[in-house]
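Each of the next two complexes has chain A plus one other chain: chain B in the first, chain C in the second.
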Partner chain A sequence: MGGLNLGESTLQLVNYLMIALILVALPLHFATHAFLGVTSQEESLTYDSVIGRYRASATVILLAALLTGASYHGLYGLRKILLEVSSGHRWDRVVTMGIVAAGILMLGWGLSTIIVAVTGT
Partner chain B sequence: MIERVGNLARSVFRRPLNLEKLAFGIQRLSGVGILLYLMMHVFVTGTVTGGREVWEGMMRLLADPMADVGKLMLFIGATFHGVNGMRVLLLELTPLAGRPVRPDYPYRVQSLGTGQRLILYLAMIMAGLSAIAGIFILWGV
Partner chain C sequence: MSVVLTERARILRVHRRISNEPENPSKIMGFLFPITKGMTVLDALLWVKEHKAQGLAFRYSCRMGICGSCGILINGEPELACETQITALSGDAIEVAPLPNFPVVRDLVTEFQGFFSHHTWVMPYLIRRNPVETGERELLQTEEEKLRYYQFTMCIMCGLCNAACPIVGVDQEYLGPQALTQAYRLAVDSRDEGWSRRKASLDTVHGCWGCTVAGSCSAACPKGVDPALAIQLLKRKVLLRFARER
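And then the complex of A and B:
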């Protein structure tokens, strides 16, 4: 990706892996909001239930994996759309850098939430 | 820039119209919508670190009926995006794409074979069913 010197085919291959990750993690995420460890969706959204999920190692790994997979897949798709809007070396670079920045921001925000919720600090 | 985005959007509806082009447009539109939701979702779940009161305040804010309309759009978009995405994956990774032929009149889209067409119809049916299910879940109609 841009300065990282990753080829487009490598990025696409990673995208396929992320899709596979989403296909496993997303149904499990829905299950934790419907019947896995909770009795209803309302209960799953209470503060204690949300914090409980962050402090259970299985669900926190699931959330981190889903965050990574969905962020990559979404931002990679957005990059492809933006690269079709215009062309040129400068545009490619601006788009790629913007997407990398958005990815760092999303992962940083999401993972910091996980760390703060897990450690309670 | 805006003109180029407009041209890209208009290309979906430019003649000759075909189902594959429409699916391409909806796939991208739903993808951008889901990405925007994901960004919002990451931010909203981040409020849990602010403590019980901040979290419960955010949940009250999201109890707005307009948020339910957004959730319904998300159900429909995500269902279509998922099923149609599987079709695109099969198109890219399996021999489900049609075989190339000489372009004699009347031209037929070779990539949209029977298998592909069936999955595309399935994507539309599933999106419709998720709309019905969403209405039941959100408003108990």
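And then the complex of A and C:
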């Protein structure tokens, strides 16, 4: 993987783990909007309800896990598509580094949003 | 001039091209040919070459599905011309074209240099840590050990699997189903000790991880080899080795 010298199997293995993570986290995420601690989906979307859930550490871990899993899985798939568009080591390196940068930005932005909501600052 | 078709005659529509250059696009030429008992598409091509178009270029050798030279696109499907019976094809016209995913040399003849270089890339031969011993004694294996790779030795390198593969069409660096199948064939051969040398070229996005499991390679193979299965087993082997080595 670019200059990081990771085998593709390492990335693929992480991808499989992220898929498993999404399969667990996504139903739980939907459940918190449907029947876990709420009377209705509309009620779960009110500001107080959302902020209230963000103050619960289990929800924060769930959202962070979902963000990480979905970002990795999506960007890994995008990388594979882009690598098929053109060829050459230079293209591979540019795509991989671009995807890593996009991942860092997405996770940084998403996690900072969660942290802001949790701390209320 | 109108052409009268009978039960004993059909039209062979041949995609002809002088070279792979963009200024020489392919043109389709139709040839009426008589059907004889047991006639194959290769026989029809030979008849056309003998009676209608002496300059028609196509590759063939054994005429019995062993050499893998006569792979072409027949009515949109990659097939061996020598194994495809005319009577098994529907319609008045039979369309033949060069294999996709291969550069055209002329008419139905395609360039296999890239295909062979990918095959060479996976080191398709037995590798031993001590090469001297292979000349000194037999490397015995059980029937069970042989059956792990046996079907994959049936490959005749006709290139039909690579022609059918959608990834080969878009990714020039992708090793392709033929080379990856041979890599797997050797990876599970009890006599081979070359995994560590081959693994680096297989464990890449242009190696076994490039496969998206379209499965068209297995459908195209005229010898019943299942390259899609081999590649998925190769992925598993790479991952299991991963777990063991780290």
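One rule holds for everything that comes next: the second predicted complex is superposed on the first by the 121 of 121 C-alpha atoms of A that agree within 3 Å, B and C clash if a C-alpha of one lies under 4 Å from a C-alpha of the other, contacts with A are read in each partner's own complex, and residues count from 1 in each chain.
Following the convention adopted for this analysis, a contact is a pair of C-beta atoms (placed from the backbone, for glycine too) under 8 Å apart; a residue touches a chain by one contact, two chains touch by 3 or more.
The model shown is predicted, which means the values in this text are computed figures rather than measured ones.
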On chain A, which partner's contacts cover more residues, chain B's or chain C's? B
Quick check for you: in the superposed arrangement, does A:Ala117 touch first (chain B), second (chain C), both or neither? first
Partner chain(s) touched by A:Met106 [first = chain B, second = chain C, both, neither]: first
For A:Glu84, decide between first (touching chain B), second (touching chain C), both and neither. both
Of the partners chain B and chain C, which touch A:Glu8 in the superposed model: first, second, both, neither? second
Applying the document's definition of touch, where does A:Ser40 land relative to chain B and chain C: first, second, both, or neither? neither
Determine, under the contact definition given at the top, whether A:Leu67 touches first (chain B), second (chain C), both, or neither. first
Overlap of chain C and chain B interfaces on chain A (superposed complexes): 84-85
Spell out the part of chain A that touches chain B in their complex, as residue ranges. 16, 19, 45, 47, 50-51, 54, 67, 70-71, 74-75, 77-78, 81, 84-86, 106, 109-110, 112-113, 116-117
Using the touch definition from the top, list the residues of chain A that touch chain C in their complex. 7-10, 12-13, 79-80, 83-85, 87-88, 92
Where on chain C does chain A make contact in their complex? 167, 170-174, 203-207, 209-210, 235, 238-239, 242
Which bits of chain B are touching chain A when the two form their complex? 1, 4-5, 8, 28, 31-32, 34-35, 38-39, 42-43, 45-46, 48-49, 52, 55-56, 59, 85, 89, 93
